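Below: a set of structures, written as structure tokens.
Two complexes come next, and they have one chain in common, subunit A, joined by subunit B in the first and subunit C in the second.
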Partner chain A sequence: MKKQQITNLKGFRDFLPKEKRARNFVVEKIVEIFETYGFQPIETPTLEAGELLKGKYGEEADKLLYSFKDRGDRDVALRYDQTVPTARIVTQYKNELPKYFRRYQIQNVYRAEKPQKGRFREFTQCDIDIFGSTSFLTDAEILACAYGSYKNVGFKNVEILINDREVLFSNLEKYATEKVSVMSIIQSIDKLDKMSEEAIVKELVAKGLKEPTAKEALKNIQNAPQTEILEKTIKAAKKLGIDESSLIFNPTLARGLDYYNSIIWEVVIPEYKVGSVGGGGRYDNLLNELIGEDIPATGMAFGFDRIVEAAIEQNLIPQKNMSTTVLVAIVDEAGFDKSMEVAKNIRKKGIKTEVYMNEDDKLGKQFKYADQNNFKYVVLVGGEEAAKNVAKVKFMDSGKEKEVQLNQIGEYFSGLTDE
Partner chain B sequence: MNNSRIKIAIQKKGRLKEPTIGFLNSLGIEVRLNGNELIKISEDGDYEFIFVRDDDIPQYVAQGAADFGIVGLNVYEEKNSKLNILQRLSFGNCRLVIAVKNTSQIRTISDLQGERIATSYPKILTRFLKKNNINASIIEISGSVESAPDLNLADAVCDITQSGSTLKEHDLKITAEIMDSQAILIESPFISNKKKDFINLLINNS
Partner chain C sequence: MKKQQITNLKGFRDFLPKEKRARNFVVEKIVEIFETYGFQPIETPTLEAGELLKGKYGEEADKLLYSFKDRGDRDVALRYDQTVPTARIVTQYKNELPKYFRRYQIQNVYRAEKPQKGRFREFTQCDIDIFGSTSFLTDAEILACAYGSYKNVGFKNVEILINDREVLFSNLEKYATEKVSVMSIIQSIDKLDKMSEEAIVKELVAKGLKEPTAKEALKNIQNAPQTEILEKTIKAAKKLGIDESSLIFNPTLARGLDYYNSIIWEVVIPEYKVGSVGGGGRYDNLLNELIGEDIPATGMAFGFDRIVEAAIEQNLIPQKNMSTTVLVAIVDEAGFDKSMEVAKNIRKKGIKTEVYMNEDDKLGKQFKYADQNNFKYVVLVGGEEAAKNVAKVKFMDSGKEKEVQLNQIGEYFSGLTDE
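Let's turn to the complex of A and B:
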């Protein structure tokens, strides 16, 4: 038989234990906070009806949808994002879900992108949203929850830039001309974080504004005051736990503006230079557009891959317990039963324990395995130890050997300062 | 409840109780005990004394149930308390030590690697061991720690000692000293300005 090439598909990733652990750590830390804020988990199928997803993301995006006919000749498509399936959920189960439904969802989505650095065909999305309320409290809760989540991963500095779409419209409308729409002005001004003021003015002039008008528009928006709703949101979010200096009003923030209708925000970790690590806002009309249900909503997406990358950069992933802690060696027939019991009792204390997987191997080989795979302790119960009712614990780093009473072995390990 | 009254948490039973009362008396704050009251108001009505377990004192003060507390530094450290220490009171002196049987092979801190240490101070002990890069097994028990080696529950103990006589009685010798302790005065973060007068009284008298 011809040998098959064994490799993963382009644009799709494997995560080996070390990387997967880093990802699990981030999930664990943020979910812990989601849960304390009362968000509830949901999961939706990988496959949805083609007609649910088609036409929902715009023409360009439709080309990226993985859609095909299934075995029963039905039009189906792979999950492209979590918003449309969630919109389906809140409509389909309207009568079962709470009036103010807060949910979190962490699942993979599929897009037939051209694979390039940092862009994949399968990646993890992580969202929190609250449905059913137009109150500023919803935004404040999501902001505080987001801040707490990033902090819980371990980031020292977390900044949330916040704006109200209304700030942009009310301050820029008057500069719009027949040729240059207010949206077009906003799109240019949104680039302020990447481009200089001169370059923005130049771009606006190229679009058709007069230079003094372009300059004035820019100056006007930079000095724009907060809207009342923004003030209320910021105040409540700070009272809910965001540090005074971490929630920053930025009147030029636009966030593409596609479906947001009010408060918008972006999360930045200043030391992480790749870009923002999350963002969101209020989208009261989107569900209506998607599925014809008038349900107000506000929510945000966490840039999962970037958060993991930033956490690795800042050494936030605990290196402890990466490998298994205890190896129970197989010494001889006489100690065999007690060895099995020892493994059971150490595991009862939550210490990661592996039983050596070849009863015919000499002890030397077993120690070599322990060494190569970074076990910290090897536990041995041979006939000699079994007769004395003890186990021998060998510390792999110092070589120290300690005899521990069999009935104390679990307590002994859970009491160790390193565990 | 009278909110202007200054509330002081004091050890209900144990080695700090008598010297604490003596100390307050010396400041002119009279604590007269009759019976086993848990809350006692002074004759002039200015003070309220709350008698509680010593390891609960930091909690009472942190929550504002008491304005001040007098507690051993050892308890304060074990509770990982972040409360402000107003004053070290120079009584109730003791040391937190690690001790082993006179016959033990353990002689230095590094010999403690892998050994079992019985204690009622697991947090302080953990910090001490980690600082010294020792991986030892902490056996947490709440009292009569000194008999743990005789019962083959531990190879060493970590406990407080004043004169050293209890250690001697159990054939124990000191291997390492972890910290010196004494009674301290802690204050609640919720304290009113008016009650700061109490602090002034203390400072003027010390």
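Let's turn to the complex of A and C:
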């Protein structure tokens, strides 16, 4: 057949082993913590009925929905987020799920966005949520779980900025005018992490506030006290495991505010400058709006791609995850059977081992392959070694060699501290 | 909003925690072995260019492809299998991948099949393959890895039936007539696992063979000797770890034969009666046919849904994977802070722990929740316990209680052998 030059579609990514392993590592580390917090995994289909997803994300988002007619002329659409399918799940299986339901979900979503740096048409969402309770305890559990998850990936510094939308409304309402709504004031003030105070004041004045009012509003919100619910949540979350200095009240944090109704938060890794690596809040009314079921909820989304990027930046992905450790060379016919057994016995210890894949290649070629693919050790059992019941272990970094008894080979490798 | 009654689409499945956990368990166990064999993970996009997938799977399959025009009027299609996207990968990234490339891939595929028992429109494929080598060593590695994977899930009995398509052709060619091709004879004989010998002979006679010829053909193939490549592969695979009696030469195994060109095999769990749980073979010419790149390959597909089903049937999914272990009750205000710390300290030991999610509920309600959701232990720290620096641990199965020192609570739970 003629050679095809077809590549992946624009906006879609292939993950080769190195990147896929980094992603797997992050999933493994955060899921480990999700599980200790009692979160339970679910999975929903990639395709849903079009009528479930359409009109749920606002007009702009509807345009980004991958929807089409299937062969049965049904209107279907690719998963756009995990919230709407989960809203369906907690309604459809209400009688099978716990009254208070903690779930985690890590699946891909699809959005027909214009491809650009850091924006993809298929990307992984990673959410934890608790359904069925309005208690501040659930917010505290989510916060502590999130903190533990980031820490478990290996990040030294993790900061969670927290606010209550009530703080914003109760402190800013009085500055609203007929022309400038409280929402509009909040939207300007939310930009404090990117803009200077002067610029914010300027923007508010441009919107129609008087300068002294704008300045007072800003000062007022910056010095706003915590609400009772914030105090309780923060205290409980710290007792549950968040370091004292890592959970920070930020009265100007707004997070779009579209569907949150109480506590909101954002997670920041200070050394990672691209932006926040997660965020969430309480959304007691959303499930009713989405699906007509009155179920309170709180939860958060982990910015999966950013977490992976930050973890790579900070060298948190263990190198032993990245390549195969041992190459068992094929030396000669006389050593062949014992070479196979050596591979078996090293693998029994959980050590990544390949048997070289072409018995006709000379040893030089086999070492070249080991070198190019970052193997740490090459194990050789030729007829000579087989007769002595030993294997020759070659250290690829130093070039040193060591003879190991065949019946000790597994133990030998599991004892090498750098594996 | 009015309540919506939208459910999942026909042919698509929701996985609630119990089932999702069983699936995760199987993935974890087989991936553990894939990794020790040096297989590396990759991931490809859900959507591919329509022209990559169309015409690749035969006319019938093309009808099952989920394809549509995206908003940019591009012809796109949902992943139909993992082989074609991987063929694209090994071509597109040829210079970045090892010369001999072992990869595993576990992703969902989409087929617009008529929904029926055991057949779904979205299902998980799980493949291991080695690209770039024609050596029998690669077949042996795949076989041993597969065997180890099934064993690692916990199956006691795993049988791999193996054949070489050469066995079929060289032993049956002589019985072919103008009317009855060797392929047609093979197709009949391949049914030996479902039909009696008499029925096979009858079918061959109906096709046009004389009865003595049909009988002789059947007898001949049943007694056919192994080819040299079979002997070498089987010997190496056993040395690599397959039990002597578990790798069985079956000269009538044909596996459709569509694109395999040498060794083929099928995996059976004898106690599981639905059918084989995996299979594969060498397909040195397929990548050339698919994508015009001359790369030899061998590999296999694990029947993921069946493996999960068989594992559940055989009670292989550990119960501790299935529910959260400890519920920390909310007793009173005075014990609240210490209750949070208790949750923190039990979780530190990796034990699944929930803090009860409504501080207003009476203890009776909290115990009911623990009971309904299969918690093993409820931990209580009220003011009374807090003052004594103890926690009360209630065993849900026996109703017994035990007092544990607060500073020992983590160790206490990690010492409970049944966790």
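Keep in mind that, in the parts below, the second predicted complex is superposed on the first by the 414 of 419 C-alpha atoms of A that agree within 3 Å, B and C clash if a C-alpha of one lies under 4 Å from a C-alpha of the other, contacts with A are read in each partner's own complex, and residues count from 1 in each chain.
The criterion applied here is as follows: a residue touches a chain if its C-beta (ideal position, glycine included) is under 8 Å from a C-beta of that chain, and two chains touch if they have at least 3 such contacts.
Small disclaimer: the values here were computed from a predicted structure and weren't measured.
> If we overlay the two complexes on their shared chain A, which of subunit B and subunit C does A:89 touch? Say first, second, both or neither.
A:89 contacts subunit C only, not subunit B.
> Of subunit B and subunit C, which one touches more of subunit A's residues?
Residues of subunit A touched, subunit B against subunit C: more for C.
> When the two structures are overlaid on chain A, which partner does A:215 contact: first (subunit B), second (subunit C), both, or neither?
The answer is neither, since A:215 touches no partner chain.
> Looking at the overlay, what does A:76 touch: subunit B (first), subunit C (second), both, or neither?
second
> Taking the superposition on A as described, I'd like to know which of subunit B and subunit C A:413 touches: first, second, both or neither.
A:413 contacts subunit B only, not subunit C.
> Using the superposition on chain A described above, determine whether A:46 touches subunit B (first), subunit C (second), both, or neither.
It touches subunit C, and subunit B stays clear.
> For A:191, is the partner it touches subunit B (first), subunit C (second), both, or none of the two (neither)?
neither
> Return first, second, both or neither, reflecting whether A:398 touches subunit B, subunit C, both chains, or no partner chain.
first
> Shared contact residues on subunit A for subunit B and subunit C?
No residue sits in both footprints.
> Could you list, by residue number, the parts of subunit B that touch subunit A in their complex?
The touching residues are 113-116, 126, 129-130, 134-140, 152.
> Spell out the part of subunit A that touches subunit B in their complex, as residue ranges.
Within the complex, subunit A touches subunit B at residues 393, 395, 398, 400-402, 405, 408, 411-413, 415-418.
> Would you tell me which residues of subunit C are touching subunit A in their complex?
These residues of subunit C touch subunit A: 1-4, 6-9, 12-17, 20-21, 23-24, 32, 35-38, 40-49, 51-52, 63, 66, 68-71, 74, 76, 78, 88-89, 91-93, 96-100, 102-103, 108, 110, 112, 121-122, 130, 132-133, 135, 137-138, 140-141, 144, 148, 235-236, 239-241, 288-293, 324, 330, 336-337, 340-341, 343-344, 347, 350-360, 369, 372-373.
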